[in-house]
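Labels A, B, C and D are assigned to the chains in the order they are written; within every chain, residues are numbered from 1.
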Amino acid sequence: MTNHQKLRIGIVGSTGYGGVELVRLLLTHPLVEITSVISSSSAGEPFSDGYPHMTEILSQPLDPVDVELIKSKADLVFTATPAGVSTELAPKLLDAGLKVIDLAGDFRLQSRETYERWYQKKAPEAAYLQKAVYGLSEVYGEEVAGASFISNPGCYPTATLLGLVPAVKAGWIDPDTIVIDAKSGVSGAGRGVSLGVHYSEVNENLKAYKVNKHQHIPEIEQVLSREAGREVVTTFTTHLVPMTRGIMSSMYAEINGTRTEEDFIALYREYYEGRKFVRVRNKGILPATKEVYGSNYCDIGFAVDARTGRVTIISVIDNVVKGAAGQAIQNMNLMMGWDETLGLMHAPIYP
Amino acid sequence: MTNHQKLRIGIVGSTGYGGVELVRLLLTHPLVEITSVISSSSAGEPFSDGYPHMTEILSQPLDPVDVELIKSKADLVFTATPAGVSTELAPKLLDAGLKVIDLAGDFRLQSRETYERWYQKKAPEAAYLQKAVYGLSEVYGEEVAGASFISNPGCYPTATLLGLVPAVKAGWIDPDTIVIDAKSGVSGAGRGVSLGVHYSEVNENLKAYKVNKHQHIPEIEQVLSREAGREVVTTFTTHLVPMTRGIMSSMYAEINGTRTEEDFIALYREYYEGRKFVRVRNKGILPATKEVYGSNYCDIGFAVDARTGRVTIISVIDNVVKGAAGQAIQNMNLMMGWDETLGLMHAPIYP
Amino acid sequence: MTNHQKLRIGIVGSTGYGGVELVRLLLTHPLVEITSVISSSSAGEPFSDGYPHMTEILSQPLDPVDVELIKSKADLVFTATPAGVSTELAPKLLDAGLKVIDLAGDFRLQSRETYERWYQKKAPEAAYLQKAVYGLSEVYGEEVAGASFISNPGCYPTATLLGLVPAVKAGWIDPDTIVIDAKSGVSGAGRGVSLGVHYSEVNENLKAYKVNKHQHIPEIEQVLSREAGREVVTTFTTHLVPMTRGIMSSMYAEINGTRTEEDFIALYREYYEGRKFVRVRNKGILPATKEVYGSNYCDIGFAVDARTGRVTIISVIDNVVKGAAGQAIQNMNLMMGWDETLGLMHAPIYP
Amino acid sequence: MTNHQKLRIGIVGSTGYGGVELVRLLLTHPLVEITSVISSSSAGEPFSDGYPHMTEILSQPLDPVDVELIKSKADLVFTATPAGVSTELAPKLLDAGLKVIDLAGDFRLQSRETYERWYQKKAPEAAYLQKAVYGLSEVYGEEVAGASFISNPGCYPTATLLGLVPAVKAGWIDPDTIVIDAKSGVSGAGRGVSLGVHYSEVNENLKAYKVNKHQHIPEIEQVLSREAGREVVTTFTTHLVPMTRGIMSSMYAEINGTRTEEDFIALYREYYEGRKFVRVRNKGILPATKEVYGSNYCDIGFAVDARTGRVTIISVIDNVVKGAAGQAIQNMNLMMGWDETLGLMHAPIYP
């Protein structure tokens, strides 16, 4: 732990699922070291007490949330905290000269008014909102490079936007007709306990929730509007699936003109050229969530229906990796000018 | 087993999941007795050998598929066979004077040409196709009453059509904009073995399949076209969910004019008035699949989005009950002029 | 709800899993009516608000825990409350002249001292302890008949004792060598929320818990000691299995003398003769938990190993039915002098 | 793929679960390269066609099973084939001068007669049996070092023996009283299809199988007998748990003398000193299978019961990693004189 050439990493909110996944992945990163795992609720306890799978792997005690202490131990901080916390904390960490990658939703929406309407919380100060770069790595990677403050995208927006942006930007689909039917595993709800994540309630069950009300809707619309060059509103439904990890966005839209599956595949492969973590599947092949399990991949497939003139786009990610910790590390790599794949080239675990 | 007032029931294909569910439910029906469980592959073996949960409950040996034998033992026959089998068998049973309720897809499509295109099999003879009444109980119950040959709807079409018909018939939604995102548990694939139903491949996985190609598409469109009074084509996607039972259809369409959730709820409650097995949920409540587990209910909920002018309709069933065996028994009740709920008033099993 | 010949039933703790299962099963019972569903925490709310699967089936408001009110509405009360509650409540209900079947552990142990050591709670008054009949229906059914106060067995003890009692009583196995390896689905932990029942923690996980410390150990030993005619202590381990329902007890013991599987089968079939809910399986067949899912059956199988001189006994139940609500209803039937199977002859639901 | 300093690896049976896990892990190993993925059934097809999660990661075509070809492409071969295949193949590969690590059961039993009785197959030639070193890495690592032919242990024996050997060797438990209750996820059954691995049959189900008949019994007894210095027979039961990965062995034995949990912990920590992949848990902590998910760890915990004089030992592994591919790579590392952890230091994936 004394290799001073390595970037020193602090993780605030390390006892949540996003935090422990940052630990798992960063342990394999050649250019960083985890110097502080931070928790407001469990400071002082060994990290592995709450996560016994980390026994003998990462056992150091949790640090409290103390900006001075963090500053003394870390160069870059991941904040994986509940909504509302980094609104206050991230500015302090930035003012202390630290690089910050925020995994919460606080800094994703440019409009304070929109944030407050959808999140029902006070928005961050405008000055810090303007500093925050939205870290959808394959779309805004150039802005991420050299930034010091990244707002990491939500899990649903990552799967959805990587599946829609190339077609929207190219004008191949009509943005007014987009319907997004998204499905998530239960880990997306975090480690907090509630009846909604009780095994006996979730197992052998499928449930729609927050229909038209999910706080990821304005995040998706903000990016689609930017890429389309005009305001876009969408229909977006989320479902809870009885599995731990994985998000699938099934997306539907009317095609402008006549486009085949081959056309879409070619368009997307060109758009994502050189980017290892987006795999555009061959004609006739649609990806399943388990095919990206535990990895930073986003896999995309297409089905064009000549009968209806619509395209169906299927996009899958592991919500805890590409939808959270993995993309955050990818953004760190881009910020630092490193190869974006460092620490992330894990093959999906199957079966 | 010698109460001669009871209707005598034969079940062809009793070793499949639809067949064994018919047995479970019919055992609680006051006006029938199961006199013959029939299997082409396992004739002679005790029924409970293949289904040990039926030990000491139904242990009689399986009969072979022999029309004369069936005729001698049964008054009404359920055929729960793979696609293509009842094309040949049902006419023989009908000619022998038996009542027939077919759970396969063979007799659902009025157009032989459409059947052959989607099923890749030879269609049944036209004369028998015309006799077959499509048994969507809450929609075509009057036609079912008094019929002697019922084609029982598919699982996806049941969930989907019960969720769409009232709005389409009323002209409240634009049929050209309907998108159906359907999800099913694994039992819908039947008891046959394949890599696609291997536990290790399905568990902790979510997968889209047969996109735009599912044989239930023409069945859905046939009914929607009839109810809309013009041809309707739809976008229909099926997903395999890691659970055993349950189907959810999440349906999206543009609203004609301005309609609230209360409007939809009122419309559907009026349409389904007096029908016990459709439960239209209160405003703000969307049903989950486990809330109908093991029962014949179809639960429906609505979300109207003023921002996009679309309605989201969520409809759930147990695919093995309302999507197969339960609705078949409901149709039997209607055919016989009995209360449609006989043998079917089981509360969902929860958790 | 005004059929005055029917026995009027109150259910205290009706919002727990045991309570809602009592409702599901009692709805099919021909001789009773549920007149009061009672909850200390949710009084006044419609029952189906907390359990939407009961929409339009049982929607009456929850009554508060008020002995006078209960007395006015019910003849027999099931108490399905957390440990410690019925210690106080059951005596009051009994004093009010009600019949009581208690599903909690409070009255299962004859020794107050043993109770206090294992439960870490104050034991009930001795007078009421003595009134309580331990309702292991197939073993102590004669004592249950005519009693007014039943202490319903725990889920693990039911599976375990039905699997051990005939062999212990017959002296065929050495009680000192019994090892019980028990496994349960998650619903056994109840509906309360905690990290231990969080879907993401339980799914794809198998965990041993409370080894040598489970409060069901003294309950098992009390019965084994009574049947063996001397003190018995056992090794008992519980495991949490990623499924909602089901308990399996895998039991090991040294055989006294030489006994074959056929011998054990014959012994058990004789012991349980005429009792519908215990199914002793044929030679070579071991039961699986899903084969009793949703039903009141306890299925038992044997494997004798000549190499080691041990017998392996596998016993399975649905923990919510035979392990709780179902056996409670069976005891009610026995108390009332009715056929013990009334309201309980549901075939297991499969798959 | 042309770094000639790297050890060239061939994998026979690469389309099974053991094979694809070898691929996943070897891709992260710094000193080897996978030069040939070999399949008798799918030769010529790209590897990722059968395993889409490997798209763009390992897409090379599958080679046929051709000893000359293998010899030209590889230095060391893993054979992950069904029982009976390597009986013939391994000798040919060895004769061709290749190093071989066999993941099948063919070479695990020293006695040809025992093999033929339990496997119902012809045993390998004695000469090759004698060459095979049983690769239980933490127990027989010294024999593995320098060997050219390793018989990799079975999944159940690995979990079981790592949990029993130190206590048996030390004479702390009575071998005649050992009862092993083992539980496995479904991937242990391999990728072949059958009703026994059908999702709808396994999900929400728990099943005991092959009681007293599992082919891993003689493997366990062979090692226990060697370590105890006398013949040991054991009671061993296997259960199928509704999860994909993970094995737990719950083991029971009478303690010789008086030993506390602290004593066992100290004994095991001393035995496994310096071995990273066995984690002996602290007093009062029992490991769960998910805590080793996707990793090469074997975690062990203890509960001593003064009342019965027995110890309960809980040992968990990921059956596909420590129970197959991971231990095989660990053995490769030991054979080659490398650090045994190379390519294997992946933290468990959680949740």
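We take it that a contact is a pair of C-beta atoms (placed from the backbone, for glycine too) under 8 Å apart; a residue touches a chain by one contact, two chains touch by 3 or more.
To keep track of the chains, here are their UniProt names: A, B, C, D = N-acetyl-gamma-glutamyl-phosphate reductase.
What you are looking at is a predicted structure, and each value in this text was computed from that prediction instead of being measured.
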*What shortest step count links chain A and chain C in the network of chain contacts?*
1
*Hey, which chain ends up farthest from chain B, C-alpha centres compared?*
D
*Just how far, in Å, is the C-alpha centre of chain C from the one of chain B?*
36
_Distance between chain A and chain B based on Cα centroids, please, to the nearest Å._
39
*asked:* Touching at least two other chains at once: which residues of chain D meet that condition?
replied: 17, 185, 187, 191, 200, 203-204, 242-245, 288, 290, 293, 351
_Sites on chain A touched by chain D in the complex_ = 17, 20, 23-24, 27-28, 51-58, 187, 191, 203-204, 244-245, 276, 279, 281, 285, 287-288, 290-295, 299, 320, 346-351
*Okay, in this complex, where on chain D does chain C touch?*
177, 179, 181, 183, 185, 200-201, 203-209, 211-212, 233-235, 237, 239, 241-246, 248, 250, 252, 286, 288-290, 293, 303, 305, 307-308, 310, 312, 314, 316, 351
*Once bound in the complex, which stretches of chain D touch chain B?*
17, 185-187, 191, 193-195, 197-200, 202-204, 242-244
